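Presented sequentially are two complexes of chain A, the first with chain B as partner and the second with chain C.
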Partner chain A sequence: MSVLVTDTHMITSIGNNTEDCFSFMCDGKVGLSPVQSIRSSKFNVQSLYEIDDYFNEELRVTALLKQVLNEILGKNGPFIDKRVTLIVGTGLKETRGLEKWFNGEVTLKAQDYNFGSLRESLPDYINEIHVLSGACSASLYALGLGEDLLRLHQTDVVIVAGCDVIVESMHGYLDKAFYKHPKNLRPFNKDRAGTMLGEGAAAIILEREEDINSHNGEGQFVRLKGVALNCDAYHETAPSLESITNCINNALLRANVTTEDIDLIMAHATGTDLNDLVEIESIRNVYAREILTQLPITGIKAMTGHTSGASGLIGLIIGIEAIKQSKIPPTLFLDNPMDEVTGLNIPNSCIENVNVKRVQINAFGFGGVNAVAILEERGFGGE
Partner chain B sequence: MSLNNKSIIIKDWNVISKIGIGKEEFRANLFTRSKDDLQDFNVTEFLGKKGTRLYDLSTSLVTVASKFILDSNNIDCNETGFVLGTSYGSLESILEFIKDIYTSEKPYFVDPSRFPNTVMNSQASQTAIRYGFKGLNSTISGGVLCGVKAVNYAKNMMQNEYVKSIIVGSVEENSKNIYKYLQNINSTNELNDYLEKEEGCALFLLDRYNELDFESNGPVIELVSSEFIFSGGTTAVDYKKGLSICLEKVQRELGICLKEINLTVISNQPDDSKITEIEQEVYIEHLDNYTYFNANRIIGNSISASGSLQLAIFLTGIEGFSEYGLITSFDKSGLVGCLLVRRWSK
Partner chain C sequence: MGVNKIENSSRIISGATVSENESLIKEFPELDKISHKFTPKETLGKRGLVFKDKATLLALCAVQYAIEDSGLDFSNEEIKNTTGVVVSSNLGNVDTICETIEIINREDSNSLSALNTPRASSNVITSNIAIKYQLRGPNITLCNGSSSGTDAIRISNNLLNTNRAKRVIVVGVEAVNQFVQSLWNGSFRDDDSYCELVECAACVILESVENKPSLIEGDLPIVATVQTGILENIESHLGDLEVSPPVQWFVPNTSLDGINKIRKVKNILNDRKINMVFHDLCQVVGDSYGAQGVLQCVIGTEILKHNQESIIIASSGGNRGDYLSTLTLRKE
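Here is the complex of A and B:
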């Protein structure tokens, strides 16, 4: 049984749909701007990767989530005679709303914190809604749950979504933790100064391949080959090399592919000292040196910022577009690469006309929650 | 239907609630005693001082309940996942941190060591860190239904062979200190309804069935099925419709007639509510040999802990409970969920 991704949609600081985001990423557009949704003047770092909209919304991330869902459901729905499940992965839920409530700016119902108003804004044909809080790997954890529900025939269509916006408490923590106060996000550079928050919302549709044979979409859809999930059980914020290595190996195993089959790695690449080091080290643990001289590894957060719980799904969608459009967006600003990436193929400009059939997508979160997904071009391999 | 090596079973369970700390006390006090709350619950009594200084109440309940399970089972933690249902994580920790952001001279004068408690998955990840659970680690949000959802999620993960075993359950804390913020906040708020709640935690060890289980553990509890449905609205009538559809789905899925089995329904609705009345109509229509147990008097409005506490009540196996247990949940957004378990005796 195979699972296909049949459509995608996303909103980030650089674009309002998948096509724009991917195209702007390939052009190296950066979504960094003076932040407006929080009290920016009170922080050291005052520019972040903010979506330039929804400022009048009391519950901003809820509004953003509703927007991506409306778009993707409007295009694909209604799903007649099918069981439809929505799974949302998020790091911070409506924490920004809670902050504004605390500060006397908005009223808040208890259920608003868990996107309680989502239900009434969605069509009735969505039978189930699940919300997973899993820090920065949340949306890939949601992807794993979606794949399971389809494999076990517990549902027929799964909408997986991921969303997060800039919140003062998280930004305050980072502003304290990264004493170098980054001017921009610079993954894999020697002088990377830490991560910076970005905003994003993304949604995809998953269906069983056997159920959509009547579609005329051969070649358009991308197959989800497998998702691996694990936990470091090591430290709240610092990653574990051994555990991430295990997660990548397990993803390849679950997808029934080898390292030689992979054409692109969408790295988590947050621009922190530790993540970037451990991520590269874990990739080196799994992939042979001769493969790594060729295999493109890229991370997009220099353009979008760290979109927290949405970042895994955004990476996945970029992987899908890379397969479809034969292009790989750059790891922007890689002009002072750290020693550990010497000899690796990390592009600092867009690669065009490249044959991408299989992609590995990484997402790692606070609490040591790791998720790695493998995608494959449809019409290639299969089960 | 028979047990086989693909059947997912509840190998053990444990609980911390106002009526009992640990399953023996919980079972013994099910009909007799009621404490006020767990505010004086002292995690160091069970885990010592090491590593517990920054635990909030939710984390304390979850780590101690996990210890109870670990103490009486031989678990390979490297191959064990942890799945937890919670609505807020620790709202108190989150608000403490937010308070610092808004009241410090500069918002970045926060204490970074307190940050991990504010991340919504902190209870699950801190438990994994304490005991070394290296399998998948998930936090399922979503109010009243999240206990049942977490069990369903963990069962799927077991069936798809992510891990050998999973500890799953849900937790709720009643953060009384939040009142002090509410008094200081000059804004209308509707979070008060959230504060009128009970606290507690129940956890379950999921495993695959092995014939030896009967020898070592007595009756075997199988996770049979779970269903969720959007009822279309939030009234008692919607609940009736949603619950009916859930039961029909369970029946279809299993290929059994619910009227032919002996079943105990564990519900959790306020006694005098219209919903209690209307759910009886559904049971009368769909079931023949059933007993009804409303857990509300025992676990009250325990929000995210309620599904797992209802299941814990069934697992006490007190006299009068049937072979099958049906846990039902209904939340304010109109979602209905149910979970069917079966007690196999040799």
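Here is the complex of A and C:
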């Protein structure tokens, strides 16, 4: 049984929709700016990857999520005679709202911490809503659970969403931990100074292929082949090489593909010492050296920042666009690549006119929560 | 609203609750053996407490008791590799966020301790459980509001049915502190259905029915079948049932709208001469919010162990914008 992604939408610091975000990424646009939504004077790092809007909203990430959902539901709903499930993956929920509530700046109800106010405003045809608080792999975890619901025939349409904004608490802890105070996020760079929060909201629609009308045409949709989910069970913040290797292998197995079938890896690539090192080593554990000389591996967080729980889904949507447009966005600021990427194909500028049929997307989160998804162009390959 | 009828099922191996509230055991004496007070130092050891928030400690205690009762050897590598963890908690790390902002208000980020970083993300509870027992299956933290506990069991069933795990440790937990209390009272004090938030943790361990029963001797295993939106569909779920003793239904703390729905279903069941006994945990111990669905499940399981022929229905959610989520438990 095949699962398709039938539509996508996203908002990040560099664009207000999927097409713009992808286009600007290929151009190497960077979403860094002096931060406005938090008290910058309280932090060493005062420029982040902030979305230039929604500043008047009391519950900013809820408003952002609402906007993205309204857009995708407006284009695709209502889903007549279908059961519809919404699954939101977030790293930080409405923490910014909670922070402002604590300081007496906004009204907050307990359920709003988990997007309660959003739930009440969603259309009635959404039968159930799940909110996963899953650190940096939350939205790919949500994707995996959504895929399961469809395969088990427990629902007919799944909207998978991811959202996170900059919050003082998490930025504060990262600010303390990354004592080199990064000026920008530099994946795989020898001089990488740590990760930096970014903002993003994304949503996709998943349906069973057998339910899609045949007149919708070839090439418009992309197939979700599988999502692997696991946990390091090792350390609260540091990643486990063995566990991440297992997750990648498991994803390929679930997707019924081999390493030779993959044309692009959308790396998690957070720009931290540990993640970038362990991620590259795990890729080397799974993929043969000969394959890795050709296989493009790219990390987009240099442009969007680390969008926390939304990052997995954003990576997935960029993977979908890469398939559709035969284009791969670059990994920026790779002027001094770490030794471990020697011999790998990490593009410094956009690659165009490239055949991309299958993509692997990585997302690894605090607490050792790992998710790896595999996409495939529709009309290519078997079940 | 559409109804999702779900046929999958899993087996409950063991359960435990951790709470200071004695009303629970008074109302459900069957809980006596598996209900514990919160004694983290004794249960987890002094080192087990370091840098952990209260919700995490409550959860770890509940898991420890449930694991001890399960008779399973969690030092076995195969079990570690194939066990997932699903936690339901809505307000789990509210205290951490507020305390962090307090420090930032007073000084700045340089005064924070980087060791508290994991607590800024509310999946800290779930990852702590996994780290302690090296559980490498899927690790999920749900915060679905009032229905979250029941949803956690539903999601866990799905993990078993898609072979992502062979067993799942499911926890519902809410911790009460000055920040949570203030947020809760500020939110719901004026509601007609206002109920105090009660601090507790509840844990069930589920395994796939495909597995040979893990229990060695003693209590018969229980099968949990999970449905959502059952309220309108309860008749068809009960089928040709003639049940005596009565079906026991754990009802959620509902708004007036929900109470009307329950009344309507009561009437339907009366017509069919099906006896129902209703339990409202909010009246017994208070509103356990994210823990409620799991707590209902633990209590329901113990009732079934003592009552040969009963059926348990447990619903949570159905108010404050949260949909109604329901599960049923029957003896295998």
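Methods note: the second predicted complex is superposed on the first by the 381 of 383 C-alpha atoms of A that agree within 3 Å, B and C clash if a C-alpha of one lies under 4 Å from a C-alpha of the other, contacts with A are read in each partner's own complex, and residues count from 1 in each chain.
Simple rule for what comes next: contacts are C-beta pairs under 8 Å (C-beta built on N, C-alpha and C of every residue); 3 or more make two chains touch, one makes a residue touch a chain.
Quick caveat: nothing in here was measured; it's all calculated off a predicted structure.
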Once chain A from each complex is brought into register, does chain C clash with chain B or fit beside it?
clash
Name the contact category of A:141: first (chain B only), second (chain C only), both, or neither.
both
When the two structures are overlaid on chain A, which partner does A:104 contact: first (chain B), second (chain C), both, or neither?
first
When the two structures are overlaid on chain A, which partner does A:91 contact: first (chain B), second (chain C), both, or neither?
both
Is A:287 touching anything from chain B or chain C once the two structures are fitted on A? First, second, both or neither.
neither
Overlap of the chain B and chain C footprints on chain A, residue-wise?
39, 42-44, 91-93, 95, 98-99, 101-103, 108-111, 113-114, 116, 119-120, 124, 127-135, 141, 144-145, 148-149, 151-152, 154, 168-169, 171-173, 175-177, 229-237, 243, 246, 365-369
Hey, which residues of chain A end up touching chain C in the complex?
39, 41-44, 83-84, 91-93, 95, 98-99, 101-103, 108-111, 113-114, 116-117, 119-120, 124-125, 127-135, 141, 144-145, 148-149, 151-152, 154-155, 168-177, 229-237, 243, 246, 365-369
In the complex, chain A touches chain B at residues 39, 42-44, 90-93, 95, 98-99, 101-111, 113-114, 116, 118-120, 124, 126-135, 141, 144-145, 148-149, 151-152, 154, 168-169, 171-173, 175-177, 228-237, 243, 246, 365-369
Looking at the complex, which residues from chain B come into contact with chain A?
77, 81-82, 86-89, 94-95, 97-102, 106-110, 112, 115-116, 118-122, 124-126, 128-129, 131-143, 149, 153, 156-157, 159-160, 162, 181, 185-191, 193-194, 228-230, 232, 332-335
Quick one: in the complex, what on chain C touches chain A?
1-2, 4, 6, 8, 80, 84-85, 90-91, 94, 96-98, 100-102, 104-105, 108-110, 112-114, 116-118, 120-124, 126-128, 130-131, 133-145, 151, 155, 158-159, 161-162, 164, 179, 183-184, 186-188, 228-229, 289, 320-323, 325
